[in-house]
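Take a look at these structures.
Here chain A shows up in two complexes: once beside chain B, once beside chain C.
And then the complex of A and B:
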């Protein structure tokens, strides 16, 4: 096992034994440590509360020297997540110029969760949603809840 | 073929060195991958590399005070020349150095499990020593098969048994395995490896049955006090009960004391025999012992006649008194002879010390003599030649020499004559 593999397996162990709040982490394929699937329960006191979101995390072969990629598999109404099937996330720690080998997956996942608690409309991927978030918070909350109801129902 | 150290070769070496961004601190390649080791207990978070998340291997400290494994920082720096923690620009060659000795020491002291754990080595050892253990001592390390034509590897402990890479049939399940793997197979894989112990009904691994018999609670075992005479034999589980009630239990400690006494007796007997021999030796040396009967009378006599003597020397008999006298004399003589030896030694040493400088002086004088002789010979030759010239009648000879010429002795009869007449001016 190379040192990168060793690090990944260690991080996986760490994330499964003490996961960030509201997350369960599994490996879709036991043999491939580079693909993780994450189930995230929407943080309470947000429009996403009680929603269950699936995320995929893929670690490049150069990990930890290159950043992992995190995507929402479940659609979500959020200014920093693309409103399509790919579910790209705009997260500063994942940008190549901001990624550093000392960063860890757990930190990334915590940042993703934090993004649901506090969206960042100043650096949006979906300008329309960001605008809505800034100007009409009630409408945004309503849309977000309806997305949760449509796509992120528990047990779905 | 070019000789070694040709310019080209040197060039190749320098370029490879130059290509490597950073060579300092690279540890000697070891047989054990320190990153793959299993650490015993929890390693302090401060000793864990932020890049590979394992205890540092050959730690390097940056100018911004962050520590990484040498390999990790080189790899990270190749992709992005910044510190992997604070993203400050970092020059690998000038702004990093080997981490302080104290960090190395802490890492060296981390306890790790032997990497051959899966093959059965349960050793836990300091990380700095694991390499040595695996390469030189661990029985479970795989080494090339001792058979010259066999290319497989075998555990070190089996390397003395010759090539084990032939097929052997398991005696329990009829499957064919390589001899080297057979034991492993019988330990954990063979479907017939387990059987119930015929006595205690516990399931045991067949080929470890002998070991089980040593602790099987049903096996017939002789009583613990068998050496003292108990002849009872019974199953192990009853033995403890029996031992508490065994008639020989009381004898046990006595028996031990008896054995101790016997050993002591043996020692004493040995001493006695030595004494006997000594007495015989003395008898033969020309001190004929009076017969026993006379000894008794003599002893009586001395006791009655010279009580003062017996008080001074509380000996049982006269013979012993003489014997002791003789012994003291003997020891005195020994002391004298050793003193003599010492004096002799000292004298010869002194003599030697004094003769040495004399010898030296002698050789010096001899050499000076030699030099003098040479001088004399040279001068005489010189003088001889001069004489010869005078003899032929040179007109420019000083007056004194012409006088000699007139004496008619053209040449001195002997060389020494000339010397006597005209001592050479040195």
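And then the complex of A and C:
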């Protein structure tokens, strides 16, 4: 396990010194390197702009041979995030067949952010929202914005 | 000969495996183990008549070949060698290419000749340094997976040049092989690098037990990738069977194959032997039976009342000829009719008499008739299944006594084998009979159905007669006269079965049957011969 510690602390250091755009990364507990907290500001020019989203990232004991898990702690209106309290994300890099031990957390976080810029309605977790995204973009944007206003306001 | 699975295995291999035109010496040697009766004298009537059946080459049999794990391995190695020679590429690369092309060698060679760079790239064999991979200590090296950089750290790089420490490579492979069951498509651990792990690298990195598991998994993909190969579905069997019957032909032929382990199964759907019923019919029938499961409870009852005196009668053998202990009334367990009539030309226990349409005018009456019709066939189907079990129980009891008798009378093991043969024949024939009823349920009447029903009746009578012999007390079983009778009856049962299957298979192949259902399964796809994505 000590080898994983070395790798994880190195990655954590990298992520805090040069984080992906719009992200702040902290450890909720100083003694547990396997649980990270991420605060993500909604990318500009998206319905999520200015929203502040909290995410959790947990690294399994087998990390980096098994993929980390990322969840939205803040509710979000998005085809690839479950519209519930668990906030599961469908991200292809996290699937066992795509995860490589040399893959990095930073890459994962960048992919999460990219998902807000470019939702992927063809591989949805919420079919209803994916449908809306495809067929009625205005309605989708409105719903996404109202979710931001309700759940992801800065300072909340 | 102490488990029942063993004697079933003898039956099937004795019966049919020898027809299989295998030319593999190793396999023939394996078959011999099962061929217990080969050295029996030829004047034995049962054996002789069976052998003559065999020579005919009956039409319901398909040709097939059994592969043991080592044969599966050798087949892969042969193909790898060929590609290695023809395309002049390293064996480990040839193996990766073949797996990528799902072992379609011709297509691989064709595509490769066409555009080698594109094919190599797609198979995960992009540009490589020519140096063979090895474990190395490189000064100043830091592993990007574990972030270790200590002096003397053993590292390894695949041909793509992506280098990590040996421990990380090993942990990665263990994760893939043990946890994820992956083998043919393990990629380089680098994000975005699709280079496939080759066998040379694996040999360097893997511990022997992990390597064994890896080979096993590779064998699995080999068999699963080839449409002409299937795993034997028997729980502990590692053999594969090759058979050329295509999915689209399954409405014309019922491809029963015999694994060397003794398991008889359908190559089309991997279920237990279901001749003469085609796969799609079997699928529909099993679904129907599951949907109407309450009717199944009816047959599972082991007791019925004597139709004459109403005393309770328990069925404890497979035979349908019941004699009431109390009033000595003899009747048929299936139709509850008089047994004495079953031996005559009037016997029609197997046929469902369609009532004339006049009384089935309204929908309710129609649905009652259709339920009655279903129950008629279902009960006979289920009864043979149950009887096969009971016959087996009966045999096992008898077998124990035979062992005692053997010691008491000095009869040799080989001399009591006729009981074993009879029991096996009963099992196989009841299996066939069982499926004739599902077959008949969906069969539309035409000028051929009567022949089929006669064949069914003849086989059924022969089977019931043989089954009845088993219920004789042990002292009678040892009698020389009964022994000869039993061997004759065994041979006769087998003959009737061959006649029935021959007839049904011939008509099926020539499209002479009409069924009330469509036998073209929707599942029959184009097959998966293209390269993996």
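The rule we apply is simple: the second predicted complex is superposed on the first by the 155 of 156 C-alpha atoms of A that agree within 3 Å, B and C clash if a C-alpha of one lies under 4 Å from a C-alpha of the other, contacts with A are read in each partner's own complex, and residues count from 1 in each chain.
Rule of thumb we're sticking to: a residue touches a chain if its C-beta (ideal position, glycine included) is under 8 Å from a C-beta of that chain, and two chains touch if they have at least 3 such contacts.
From a predicted model like this one, the values you see are computed outputs, not experimental measurements.
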Clash-or-fit label for the pair chain B, chain C on chain A: clash
Which of chain B and chain C A:65 touches, first, second, both or neither: both
First, second, both or neither for A:28, with chain B first and chain C second: neither
Which of chain B and chain C A:101 touches, first, second, both or neither: both
Set of chain A residues, in rising order, touched by both chain B and chain C: 3-4, 6-7, 10, 62, 64-66, 100-102, 104
Chain A contact footprint on chain B (complex, rising order): 35-36, 50-54, 71-72, 75-76, 79-80, 82, 84-85, 87
Complex contacts: residues of chain A adjacent to chain B: 1, 3-4, 6-7, 10-11, 62, 64-66, 98, 100-102, 104
Contacting residues of chain C [partner chain A, same complex]: 144-148, 162, 164, 167-168, 171-172, 175, 180, 187-193
Chain A residues touching chain C - in the complex, by the definition given at the top: 3-4, 6-7, 10, 62, 64-66, 96-97, 100-104, 107
